[in-house]
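Structures given as structure tokens follow.
Consider the two complexes below, in which subunit A is the common component and subunit B and subunit C are the respective partners.
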Partner chain A sequence: MTTPLLSVRDLEIAFRSDGTDIPVVRDLSFDLAHGETLGIVGESGCGKSITALSLLGLVPSPPGRVTKGQILFEGEDLVGAREQRLNQVRGNDISMVFQEPMTSLNPVYTIGEQIAETARVHFGLSKAKAWKRAVEMLSLVGIPSPDQRAYDYPHQLSGGMRQRVMIAIALVCEPKILIADEPTTALDVTVQAQIFDLFQDLKRQIGAAIILITHDIGVVAQMTDRVMVMYAGRKIEEGPVAQFVRDPRHPYTSGLVSCIPRLMMPPSDEVEDLFEIPGVVPAPRDLNRPGCPFSPRCNRVMPRCRDENPALEVRADGRKVACWLETEVAA
Partner chain B sequence: MTNVLEVENLKVHFPTGKGGKVHAVDGLSFTLAPGTAFGLVGESGSGKTTAAMACARLTDITSGTVRLNGRDITHVSGAELKKARRDIQVVFQDPYASLNPRERAGSIVRRPMDLLEIGSPSERDARVDELFALVGLRPDQKDLFPHQFSGGQRQRIGVARALATNPGLIVCDEPVSALDVAIQAQILNLLGRLKRDLGLSYLFISHDLAVVQHLCDQIAVMYLGQIVEIGSRKELFTRPLHPYTHALISAVPSPERIGLDGNARIRLKGDPPSPISPPEGCRFAGRCAFAEDRCRATTPPLRVIEGGHAVACHRAEEPDLAAIAIAQAESLPAG
Partner chain C sequence: MLKGSLNKLGNAVVLLVAVLVLNFTLIHIAPGDPVEAIVGEMGGATPEMIEQMRAQYGLDQPFIVQIGTYLGNVLTGDLGMSTYYGQPVTQLIWDRIGATMLLVITALMTAMIIGTVLGVFSAQKRRSILSHFVTVIALAGFSAPVFWVGIMLILLLSVSIPLLPISGMTSATSEAGGIAHVLDVLHHLILPALTLATIYLAFYSRLARASMLEVLGSDYVRTARAKGMPQRLVIYKHALRNAILPVVTFAGLQFGQLISGAVLVETVFAWPGLGTLAFESILRRDTPTLLGILFFSSMMVVVMNVLTDLVYRIIDPRIKAR
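Entry: the complex of A and B
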């Protein structure tokens, strides 16, 4: 068996508060293959973004740190790697597109300079060559008249254009893994569609694997091959995207899939209330209670769920689910 | 029955400082019947929020008329404006930015009654209790500050505040777009329930077509300050006519469209033109795959196709546009 591109093993990330480590991600293991798009889904506060940051060694420390586990990139453990080594990995091998294109660009440099800087630092290109590369990247991400727009400052661009610039910066070193954390939530649907088309094109051209973090089930369905659902810092379900959408197993997953309004053509005559997941995601410090962390919000909760936390089990079809309902059905 | 809201040829222009002006809203007309929800959809910059804020008299109106329950409120001020405000309230997009962080939740909800001098102090207190129950908050949460609430609960406070003066019309400006998916459903269900139970009307601003289809009875699609298509929920989503509406529908990421290739969709190129100097002719022509010379030369008027369904497109009924609507419908579930 070949080594996966990325293999996360038993990852635990904790934040120190009042002298104790409060885990925000626990027992997290997943793999990412070459050219694959993995979706990470869950509400805010489920540990999606901090997991992504940990892959780049960017967990804010202090107060946060990886307290357990391994992040194996092509077999090399990035947990505890030197800053120098991480700097090589960031951008070259793994790069990230952040949520807010408005705040992630430097307002006092032209976009050309910001892309060229990345190319200079990572490839050691000359100024002129780096600039040429920047213009090529702008063209690749679909910015019209790139040789002129390279001289623009971020404020001269629309949100969609800025996000394209962010993607250009992330891709300039042709990384093997691109992490996109809610890359389109600040954008219009039409622009979102353009950005996703761009991701698909780039995936074909560069062959990068993508980790897409989102809470939009529609986006997941359209963009990913495989989906991992996180709740309260743990993976609670994982499987191919079609099964995720059509036959979700965990009550949280099925809640996420059915709580969104679906666009219908023609529309239904009667409008029914949406399915609701009551309540909110528990705070990390409330997670030491026994039982399944989702049980207070679960519509299929059983007595057992309140006492014991179900482990992630592999089903016969290869999907993974952490829910007592699975064992009940099997028994 | 009097319409809750009648908007006629509404224009809101902002000076740019260089002698030009931004045509944010440029000739908008629509009516809102009692107990219904009217959705304004479009991209950012289409003028939907400005239009709604003008209706609520929260931004200056350049020209045109806004009538609330039959009364012209376009230029009212002082006591008259206060009186109008009792009947039109707003739920804002960001529940983190629209609540005073130093004010307790109960006081936030009570504030509109204080400002508009509604009821006696004890009546106001009783009303706050009633409103908390109505939106699903506990009475003991009145003494908490906004930061002690989750996003969804904050938006409930925002809804309670909008309901405080017992208005007939609530302007909802993207009320769920800042919320997590699971929380969106809670707030959308709350808004739906309040509409049914209290007979409320909504002017609902959203960029999310699925949300608009879920909650609205009438829908107008805006592009660069103007309505390009308007119709009932049924009309608009059974037979969308404008190429821009097609593009919006096509861009919706739907779970049913698993792995749908980007090429199967309508790709809108570029950004909308500047509202400072909108182009001649159809404002969408520069991004439209169906644009012809006449589209760039003459502005298509908003013309009625059938019933209340109107479109501003020269070519709306032509077969190649109708084919797109059919292709769209095939990739989406039927209701």
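Entry: the complex of A and C
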């Protein structure tokens, strides 16, 4: 088997609080192949974003840090890599688009400059060449009259346009991996669709592997090849996207999938109750209790779930699930 | 934008007139007038002489006439005659302004630059010794009275280690001109400027630190890091330019108040600036001079506000749009 582009092994990220390390992500392993799109889903507070930041060595420190495991990028461990080396990787090999386009661009520099400086730092381009490249990128992400827009400041653009600029910044060095952390959460629905169309286009053109973090199951179904579900800092299910939507194995996953409202045709007058998963994600400091962390909210909970935490098992079809139901059924 | 500026200017004029009226009224209410002070210095005078002097300064007129005349004169650029120095107040202020400007600008620039540098460094390493040092300096600077700092510095740098002159702006014995004169003035400048800067430094290091901490936690700094910008560029290009705004605001405000800031330091070091002039004019009931200085300092506040506004526009492009 060839080395995967990115291979995360037994990752644990902890935040220090009152003198103790409280893990927010644990035992996390996953691979990403060239050109693949991996979806990471889960509710807020499941450790998705912090996992993404850790891939770039950007876990806010203090108080956070990677306490265990490896992040192998083309075989090179990025955990504990020198800052200088990380700066070469960031924005060049692995780049990231954040959730908040309104605040993620620096208000005092033109968008052209913010794209161009990335090219200057990584490729050593001259000012003029980098600017030209920035204008090309703006046109690539679908910004009209890019040579004039490049002189605009972020506050002169709408949220959707700003997110396009963020994407242009992320892609200017043609990275091997693009991490998109809920890139459309802050945008209008119509703009969301445009941004995802743009992702699809760019994926074809640039061929980068994408890690898409979202809690929008619809987006996952449309965009990704493979899905990984996280709950309370752990991976609880992983598999190809089609099976994930059609036949979710973990009760949490089926909960997430059932949460998508269906539009009736014709719409019925009777209001259909929306499905919801009761309760909230447990706080990281409550995770040392025995049992499956999802058991308090699970609608198919069994006595065993409260005492023992199920390990991630590989099923016969290659999917991975961490749930006692799987072993019960198999047995 | 032009309309905004005009509005601001209009507000400023109204404000200045209000300041004039208020100052004039306050001084009028306060007991004692210039004539009493002059008579006191002369060692007494006949009631007729006092009456005559009162008439000469217009003090025998009703309050409303006095203030009306004064406002009218100010509008034509005439701040009146000093009752003590016997010179036009504008001339007095003009003679002294250079010394004060030199002192305050030197102190303010030193404090701003060193304070910003300290703030920036300490914000990056929040638990470092430097960071604690900045906190302590700031606290000390906030609480120490400026004259005390001045006296301590004199004791240290002029008495214990006789490096610097204690007071004045030039050496009494020096008659040199040109370069030697400039060096002499600079030599005398160090102590008062250092004293004033120490006090300002507390504000700036604290302010720069807080502002920098906020900016370093912002999304766009995270973006800059995620782009692979070297630490140097993240700090000095992406963070500092945003973090400097409050520092500029504060400098603008403080520079406007240069006279009140400098009064104590100028007095301690016998620096011949507007601060000492204000102090003396209070002691001598030299009302026209005092009023003139007060008016001049409120003008400075207005001018500095406008200048701060302009600097803002250079630093932050968002302000142009408003």
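Brief remarks on what is shown
We adopt the following convention: the second predicted complex is superposed on the first by the 325 of 331 C-alpha atoms of A that agree within 3 Å, B and C clash if a C-alpha of one lies under 4 Å from a C-alpha of the other, contacts with A are read in each partner's own complex, and residues count from 1 in each chain.
The rule we apply is simple: contacts are C-beta pairs under 8 Å (C-beta built on N, C-alpha and C of every residue); 3 or more make two chains touch, one makes a residue touch a chain.
Small disclaimer: the values here were computed from a predicted structure and weren't measured.
After superposition onto subunit A, the modelled positions of subunit B and subunit C are compatible, with room for both. In the superposed model, A:Ser95 makes contact with subunit C only, not with subunit B. By the touch criterion stated above, A:Pro107 is placed in contact with subunit C alone, subunit B being left untouched. Once chain A of one complex is fitted onto chain A of the other, the partner contacts of A:Ser29 are absent, as it touches neither subunit B nor subunit C. Between subunit B and subunit C, it is B that contacts the larger number of residues in subunit A. Of the two partner chains placed by the overlay, only subunit B lies in contact with A:Val241; subunit C stays clear of it. In the superposed model, A:Gly159 makes contact with subunit B only, not with subunit C.
Seen from the Cα centre of subunit A, subunit B and subunit C lie 80° apart once the structures are superposed, a value rounded to the nearest 10.
Nearest C-alpha atoms belonging to subunit B and subunit C sit 10 Å apart in the superposition, given in whole angstrom.
In the superposition on chain A, no residue of subunit A contacts both subunit B and subunit C. In the complex of the two chains, the subunit A residues touching subunit B come out as 43-44, 144, 158-161, 188-194, 196-197, 200-201, 215-223, 241-242, 245, 255-257, 259-269, 271, 273-278, 280. Considering their complex, residues 43-44, 150-152, 180-186, 188-189, 192-193, 207-211, 213-215, 233-234, 237-238, 247-262, 265, 267-268, 270-271, 328-329, 332-335 of subunit B touch subunit A.
Those residues of subunit C that touch subunit A in the shared complex are 218-220, 222-231, 233, 237-238, 241-242, 315-318, 321. The part of subunit A that touches subunit C in the complex is made up of residues 56, 58, 83, 86-92, 95-96, 98, 100, 103-109, 117-118, 121-122, 153, 155-156, 166, 169.
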